[in-house]
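What follows is subunit A paired twice: with subunit B in the first complex and subunit C in the second.
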Partner chain A sequence: MRFSRFKALLATAAVLVVLPFVLPNNFMLDIAIRIAFAAVAAIGLNVLMGFAGQISIGHAGFLAIGAYGSAIAATRFGWPPLLAIPAAAALCAVLAWVIAKPILRLKGHSLTMATLGLGLIVNIVLINEVGVTGGPDGMAAPPLEVAGFALVDLRHWYVVAAVVLWLVILLSLNLYDSPCGRALRGLHGAEVAARVVGVDVALFKTRAFVMSAVLASVSGSLTAHYVGFISPQMASFAHSVELATMVVLGGMASTFGAVLGAALLTMLPQLLGGLHGYESILFGLILMLTMMFLPRGIVPTLALKLGRKR
Partner chain B sequence: MLAVESLTRTFGGVAAVSDVSFSVRKGHVHAVIGPNGAGKTTLFNLISGVYTPSAGTVKLDGEDIGGHAPDQLARKGMSRTFQNLQVCMNMTALENVMLGAHLRCRSGILGSLLGLTRRADAALREASIAAMDFVGVGAWRDAHATQLSFGVLKRLEIARALQAGPRLLLLDEPAAGLNDSETHEMTALIRRIAEDGVTVLLVEHDMKMVMSISDHIVVMDQGRKLAEGDAAAVRKNPDVIAAYLGAEE
Partner chain C sequence: MNDLAQFLLSGLTTGAVYALAALGFTLIYNASGVINFAQGDFLMLSAMVAATLLAHQVSYGIAIAVGIAVTVLVGVMLYRFAIRPAGEADVVSLIIITIGASIFIQGVVQVVLGKNQQVLPPFTGDTPLHVLGARVLPQALWVLGVAALLVAAVAGFFRYTLTGKAMLAVAANRLAASAVGIPARRILQLSFGLSALLGAVAGVTAAPITTTVYDIGLMLGMKGFVAATLGGLGSGLGAVVGGLVVGVLEALVAGYVSSAYKDAVPIGLIIVILLVMPHGLFGRKSTERV
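What follows is the complex of A and B.
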């Protein structure tokens, strides 16, 4: 990476601090918060897709488990959301591990197929278990409470979103330049080469899958508590594709690419309000065009262009 | 140190390697030669765990390692390079070499996420730069792997393999695709590696190189071992002359 980790984090912190003062109204602030939460999931998925090169087309399933898990624990069992969020994340971690462990012994695209199945199953369960999940109508999620203080004000939520996003960026940048990160990127670049230097490929792919599932879950939980209402739409195939598009559009293996991808794809439907219902077509189109004209994604392509000029 | 006994591998009835036996002595440079299709690379893939043997055994220090996964073999001190380069093109040259030291790193999730490996990484960086200097590609330390030429990548692979700290280094056609002067440098590099106490087993086409650096040569033809011995003995062997040397001259 051309910029040092420290400078990048400092710049990110500066942008996150200045942003609420620059945004003209609450509508924009609301979008910024949604972007931050989507970016958490995208950064996680980037660890799986961008670092390790494993494609998931069912990550919305983990997002929905995070959202519903934390909402159900909070409303039906009276758990405090701050406890429900890590509990849902732990559930996703275990689930991801159980799915990945046997499948990653096989070669090829079996993990991708399994994620597709996972997304569909979660979606169907959420629709059918009306008693617990509210079925197709969805359910309400209580607001987040921090030390007895319920978050309802947008500005308070912004602080939470900004802090969480910054921390997740920090973790992701740390991972990129670490032995674990190099092993993940190495097995993506040349799997045999990674194996002959001792990388247990199945183990590291499993780790990437678990990390991405946990971040998707946290993103889902926070979104649920923020929006206050969730529906099975969250686990839809279209949503999984949207998450994957964020990573591919922003740039594979680029943390800031994932953030940019999340920002673009979250803003797009707002900008194109008239296209309501056709977003998935748009996302598919963006995915195709990116693969054709920007196969590296936006951020790595720009970094390469700027690097050459220097 | 390494003992190959009646090793056989068949692909759909065709025996690519058939009943091959030889042993590798610690500290020596060993070579496997033979015409195209003789089964050299298959033999290499069997020893390094990329393929599973159909029959026969591979023993490393007396322990049967046939069918062990490559990452397990790396733990036992075996590392290798590839004829068709296997360099991570999504990483920088230096990162590729640092990846070689994977087994010596704390590669747990938490330490990596929290940045606890940073200090160890700085030391690893220095060691990896030293390894790049050792193989003669230190000038490209900041380059991205995609920017490097074939000759540089070949040596980068060796630097990566050395960073794994192997006792036994397998080189798959280290001189293939190199011009005369590059081959000369590669020969000198392999000598230096052997002098550092790493046992080398290589597969090679370039006879001049093989003859000049090998302590022991195994000649293969059509999946079988044709002859073995030191350079002088192999050169005189009538079977070898008929099958390989003679055919070339």
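What follows is the complex of A and C.
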């Protein structure tokens, strides 16, 4: 098991290194960067939904807090973005930790509605606090600076995105096989059984929630500094559903599934030419069809098929 | 004092809309234990279809009837093509399916009927009536009346008809219900159709006041769910009381505190309710079997 994880990480690194030389133009490179940032959030949400089995359709809220947090710290208080990103992530961690205990006592549709509500509250605040957030029109975010050197070149951004993504994949794969990961997967399968064998259910759920919130925040911050502009749309219900769709489609509890889900859902809108209505139709169909015919998601289903043949 | 009366009355009116949305949740939940996240979109769909037909010179009555019929059809199709094929999927999967359905319906409406806000004219004019020094739109009375009628009808359905009792039986234990000869699948399909009907009627009744747009279903559904949970999921009376409470609270906050944050009221409320009294005002306590 340990060996295959090592191989997977090596293969990922190889793909990430080769990719920029294979991609034909800057347009594709731009999409690759966006996919990497989306994947960071999806991997985080997968820890909560896939590992621990706690559904959230409010995670775009954390993503937006990360984006706005670091953009506001950088523009209004003049913090360097490299400091603003971890500061926003820390804020998300504290928020998530405070919310987690009461929220994660809920199950099923109650938990879904509560997380949906949290996301909507972030959205409402972003729209209404015009003085700080720029309101519905959004606000600009300054570019990332590393050692006094502003990142504007796409290739530099790609390096940042690839390194961050690889580190997050490493983190997630290690977590899967760690005692903490086993505890999380255990409480996914049977919460009461996990409690009986001594798993501190509340503690592990809280950890998963905080981790997913922090990764969403980092993803949001990086996206903000990369795109240079953010709007309350980031915290919308549609965006939360998009994140959840990445996890569900790629495969619950599969790290590479989350990456694949992020890649597919980031590329699909490009094919549709930005027609918003068709995007909703497609996301809705994907969610329904995946749950009906591929409830495990793409990667775990494929892994199972290949495993059987051998 | 006049302000207060005005806020209370407008709160009761929006509250009646939430009560109608909540009833739809209650019905499907009673039959299948599923929370249908597309319930709010049923309200939106009937009103959008009716408003579009009206704009194309279809007569008022026919436009509304078609709007309701389309919505009921969509409700039945949701069960036939999405919920039933999923078979014995767990609750989380079913939730995700209905979320997918909600996004899907919103997308189709956006593409076919457009993104613009639409208005339905009120049933009987818009000359305000004066009650206790406050102004009330006649449509508000329609909303309250229709809500009362539907609540009574649903209560009667569960209490006095064989089909209603069969629905409760299916909810309690699907296998046992099938064993005594109740066609469980047909009952479930009926529950989706009926809750779509409730949503559709609520949608066209409320639209003259709320106006309608492709994504209004999210907030309506959310508030309907808050109302249903506050009243205790599965209780018809609870849904109505819950709806009215949510509506009045929202109106008071909008009037005295901040209208920008009125939508945050039910959301904050739901989190408190779920944590403090998960069985609501009228719900029965249940224990989880392991």
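The rule we apply is simple: the second predicted complex is superposed on the first by the 296 of 310 C-alpha atoms of A that agree within 3 Å, B and C clash if a C-alpha of one lies under 4 Å from a C-alpha of the other, contacts with A are read in each partner's own complex, and residues count from 1 in each chain.
Note that a contact is a pair of C-beta atoms (placed from the backbone, for glycine too) under 8 Å apart; a residue touches a chain by one contact, two chains touch by 3 or more.
As the structure is a computational prediction, the values presented were derived from the model and not from experiment.
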{"item": "Subunit B versus subunit C as contact partner of A:55, first or second or both or neither", "value": "second"}
{"item": "First (subunit B), second (subunit C), both or neither touched by A:192", "value": "both"}
{"item": "First (subunit B), second (subunit C), both or neither touched by A:34", "value": "neither"}
{"item": "Partner contacting more residues of subunit A (subunit B vs subunit C)", "value": "C"}
{"item": "Which of subunit B and subunit C A:114 touches, first, second, both or neither", "value": "second"}
{"item": "Partner chain(s) touched by A:225 [first = subunit B, second = subunit C, both, neither]", "value": "neither"}
{"item": "Partner chain in contact with A:287 - subunit B first, subunit C second, else both or neither", "value": "second"}
{"item": "First (subunit B), second (subunit C), both or neither touched by A:181", "value": "first"}
{"item": "Which of subunit B and subunit C A:207 touches, first, second, both or neither", "value": "first"}
{"item": "Subunit B versus subunit C as contact partner of A:241, first or second or both or neither", "value": "second"}
{"item": "Overlapping contact positions on subunit A, where the subunit C interface meets the subunit B interface", "value": "192"}
{"item": "In the complex, subunit A residues that touch subunit C", "value": "53, 55, 57, 102-103, 105-106, 108-110, 112-114, 116-118, 120-121, 124, 128, 192, 237-238, 241, 244, 248, 275-288, 291-292, 295"}
{"item": "Subunit B residues touching subunit A - in the complex, by the definition given at the top", "value": "48, 50, 69-71, 73-75, 79-80, 82, 86-91, 95-96, 98-103, 105-109, 111-115, 117-118, 121, 145, 157, 160-161, 163-164"}
{"item": "Contact footprint of subunit A on subunit C as seen in their complex", "value": "35, 37, 82, 85-86, 89, 91-97, 99-108, 110-111, 115, 218, 222, 225, 229, 260-261, 263-264, 267-268, 270-271, 274-275, 278, 290"}
{"item": "Parts of subunit A lying in touch with subunit B, wherever the complex brings them together", "value": "170-171, 174-175, 177-183, 185-186, 188-190, 192-201, 207, 211, 253"}
